[in-house]
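By letter and in written order, the chains are A, B, C and D; residue numbering begins at 1 in each of them.
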Amino acid sequence: MSSSAKNRMLARAARDITPGMTVNLGIGLPTQVMAHVAADCPVCLHSENGIAGVGGLTAPGQEDRNLIDAGGGYITCAPGGSFFDSAVSFALVRGGRLDLTLLGAFEVAANGDLANWIIPGKSAAGVGGAIELAQKARRVGVLTTHTDKHGNPKILDRCTLPLTAMGCVNRIYTDMAVCDVEHDGLHLIELAEGVTLAEVRAATGALLIAPDGPIPTF
Amino acid sequence: MPVLDKSTDLTDAIAQIRDGARVMIGGFGVPGTPFTLIEELVRHGPKNLTIIKNDANEPGMGVDWLLSAGMVRRLITSHVGLNGNAVRMMNAGEIEVEFVAQGILAERIRAAGAGLKGFVTDIGIGTLLSEGKQTVEMDGATWLIEPALEADFALVHAARADTFGNLVYAATARNFNPLMAMAANCTIAEAETIVEIGGIDPDAVHTPAPFVDHLVALPEQLMEVYGVVQR
Amino acid sequence: MSSSAKNRMLARAARDITPGMTVNLGIGLPTQVMAHVAADCPVCLHSENGIAGVGGLTAPGQEDRNLIDAGGGYITCAPGGSFFDSAVSFALVRGGRLDLTLLGAFEVAANGDLANWIIPGKSAAGVGGAIELAQKARRVGVLTTHTDKHGNPKILDRCTLPLTAMGCVNRIYTDMAVCDVEHDGLHLIELAEGVTLAEVRAATGALLIAPDGPIPTF
Amino acid sequence: MPVLDKSTDLTDAIAQIRDGARVMIGGFGVPGTPFTLIEELVRHGPKNLTIIKNDANEPGMGVDWLLSAGMVRRLITSHVGLNGNAVRMMNAGEIEVEFVAQGILAERIRAAGAGLKGFVTDIGIGTLLSEGKQTVEMDGATWLIEPALEADFALVHAARADTFGNLVYAATARNFNPLMAMAANCTIAEAETIVEIGGIDPDAVHTPAPFVDHLVALPEQLMEVYGVVQR
């Protein structure tokens, strides 16, 4: 994935973070989306280790040893932020107060299934908080390269890996396209600039329903 | 990063509550009861409400305003001992009352707030209160399943809030308020003092702002009922 | 019950409140036990509406409108006290952190059953927090007159009223005696001064196992 | 009324922990991990421990000291991704590891603290993590029953305490600490600052003193590991 394609993807995902949302961004690509959200957009960033109101990464030398995010990065607390225990933190997630989560994926399927925690044969290091984020956030977005490093599709008709959660994904953002999971299948919503429908279809392991007219680009 | 200002006009906040709504109301006796929100709810006047509150306050006070206005179909509560009016209406069949052991009521509300379906307990086993309840076998014994208790709205009373909706309660006025704030689809909080963002220590927040939808400022001079000192 | 008999009963119950205990005292007679606990005895008084560290009743005119106990009385918070929500308050009870509760009774049985919330035919005003206190405090004491106002025994072989909790009572304090619920039945532990074993047996609706030797008095 | 002084010598507090004990340890990464209590536990040396902690810290740090000393039979955790040593021991069969989804781990611990037998949830339905779990039908669907997770001891880290054992945590060092403090038969807290009775606002207490059994004072100069800023 080129850095410009990556930035386009991040910026596109950022456009779906709207004023007033409480959002949890997974480790890796999702965390980088925040840099593309408008500075004046009122968003509350949740991290599952017990904070609503993540400010950003701490400047080197300014770290507070008691203040990290779930990825282990030292962060600041934004004005209006709050701290709470792990039970309250996941109550917020499961109770429906998390408007959006953006997660990474090993595989994501046309039926919304997500696999992002274990690859059989490799030892799993655990499940962390991803299951509850995937299963209970009001909206779940997946950020991923459209294909793996061998060029194989990561968007499949059905996942082959053990699932993180069933039917949980609403939208998929990749370096090639934006797709929505609907009841009747996977819909192509937008194409990355310079990418053709044929190219996306070839790189996708599931039937892709394209709109009738021209396809918007991002 | 800025945060949303959840300050809402009292009338607009309460106008969302329609006939048949399930409404949780914080408070244990007087402390923590959102009298101003309740008064506006009476003025607004939806019918057939299900009210979930620890107690029915006292005659002429709080929940009793709703009862007297004929707005309540069902009351889920731990006791109504201080409100003879509620006892009379219950006995006359004018309201349905479901009694729930106080800690089980708290826990059922919390379970809804925590996005759980219910919990497993032995409280009430062998008593009237276990009758008709679903059971489950675990470790060779029989346990009761208590379902989560959710609501459309929660009305809560806070001592302090910031404009984003972080709430702090005072002393025993905390009681059911933080649990209900988490358990309802829409949480409306009244606050005695509203401070600017940054005015509440993040370590001292009792209800984090993401649980709060609307924040109503109380007048500096509270209604007399908040200060009742008699029993 | 004479006021001296009542005071002896309260003082006797108070002797079982020992240093370091967390204690919940029910409404009515039990609340009055506190006045008989030594002022230098470190005890933490819990009230189920959300406080550990009840100081005492507030002097008239000094009431804090936000600070009551579960009985609705205006109280003070003792140094070292804390406030919490109703879920934490009952977590403390059910989780085994309440060393002792003293409760009132309509009826109490030789098998430890307690009935103190509903009399069929009369309308019940609710259950409040008594069930969980009775069922889960590490020790449960009952304070009651030995007989009702008609002279009928309140201590029975089996309760006739709907139960608050089964087999929960450890010790019964009355104006006539102190009795312990054991696996083999109800044991007489102490007699009130001036009361005879025969009098207690006559006023008790259950078999009372008396010690072989002399019976201590209180 | 005076209150009990729960100040306890580090050695005496930890000496209670015997072979085969179930021990909960607070912390999420470095923040909130009671390194001083863990270090003393290693010195004391009980074997066949079951350790319950969100994560396994990092190599050469906290839980890893227990693993390296061969004191752990079983680890109940949400992930061990930052500790390659734990992964290696797990794969070599030197320790048993039970992975629990993070929020379910928190909730199972809380359920024990709340004196419940367990709770009912749909988290994990349709995934590997639901395999072998007890289920129950409610409202026409199948749900999982998650049992409460209790322990003999909880080791927690607080920023501040009073001598009675009221605890206050700092920022994200709160995490699992208050839940574990409620869930164990015996809770041992280490605190950076211990103040006199009355020195903590009753509204600001995170863990009420009745949940705490022993309070261990930390030296003014904390071990270096508390201040690790690297990842």
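We adopt the following convention: contacts are C-beta pairs under 8 Å (C-beta built on N, C-alpha and C of every residue); 3 or more make two chains touch, one makes a residue touch a chain.
Please read all numbers here as calculations on a predicted model, not as lab measurements.
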Using C-alpha centroids, which chain lies at the maximum separation from subunit C? A
Distance between subunit B and subunit D based on Cα centroids, please, to the nearest Å. 32
Roughly how far is subunit A from subunit D, going centre to centre by Cα mean, in whole Å? 30
Chain centre separation (subunit A, subunit B; CA means) in Å: 35
Which residues does subunit D have that touch at least 2 chains other than itself? 107, 110, 114-116, 121-122, 169-171, 174, 202-203
Residues of subunit A whose C-beta touches two or more other chains: 51, 77, 83-84, 87, 90, 93-94, 136
Every chain pair meeting the contact rule: A-B, A-D, B-C, B-D, C-D
Complex interface listing, subunit B residues touching subunit A: 1-4, 110, 112-116, 162, 164, 166, 182-183, 185, 197-198, 200, 202-203, 205, 208-211
Contact set on subunit B toward subunit C in their complex: 28-32, 54-55, 77-82, 87, 90-91, 99-107, 109-110, 121-129, 159, 169-179, 206, 226-229, 231
Where on subunit C is subunit B touching in the complex? 47-51, 63-70, 72-74, 77, 83-87, 89-90, 93-94, 118, 123-129, 131-132, 135-136, 162-166
What part of subunit B is in contact with subunit D in the complex they form? 107, 111, 114-122, 134, 136, 138, 143, 145, 147, 168-171, 174, 202-204, 206
Of subunit C, residues touching subunit D in the complex: 19-20, 22, 39-46, 51-53, 55, 77-84, 87-88, 90-98, 136
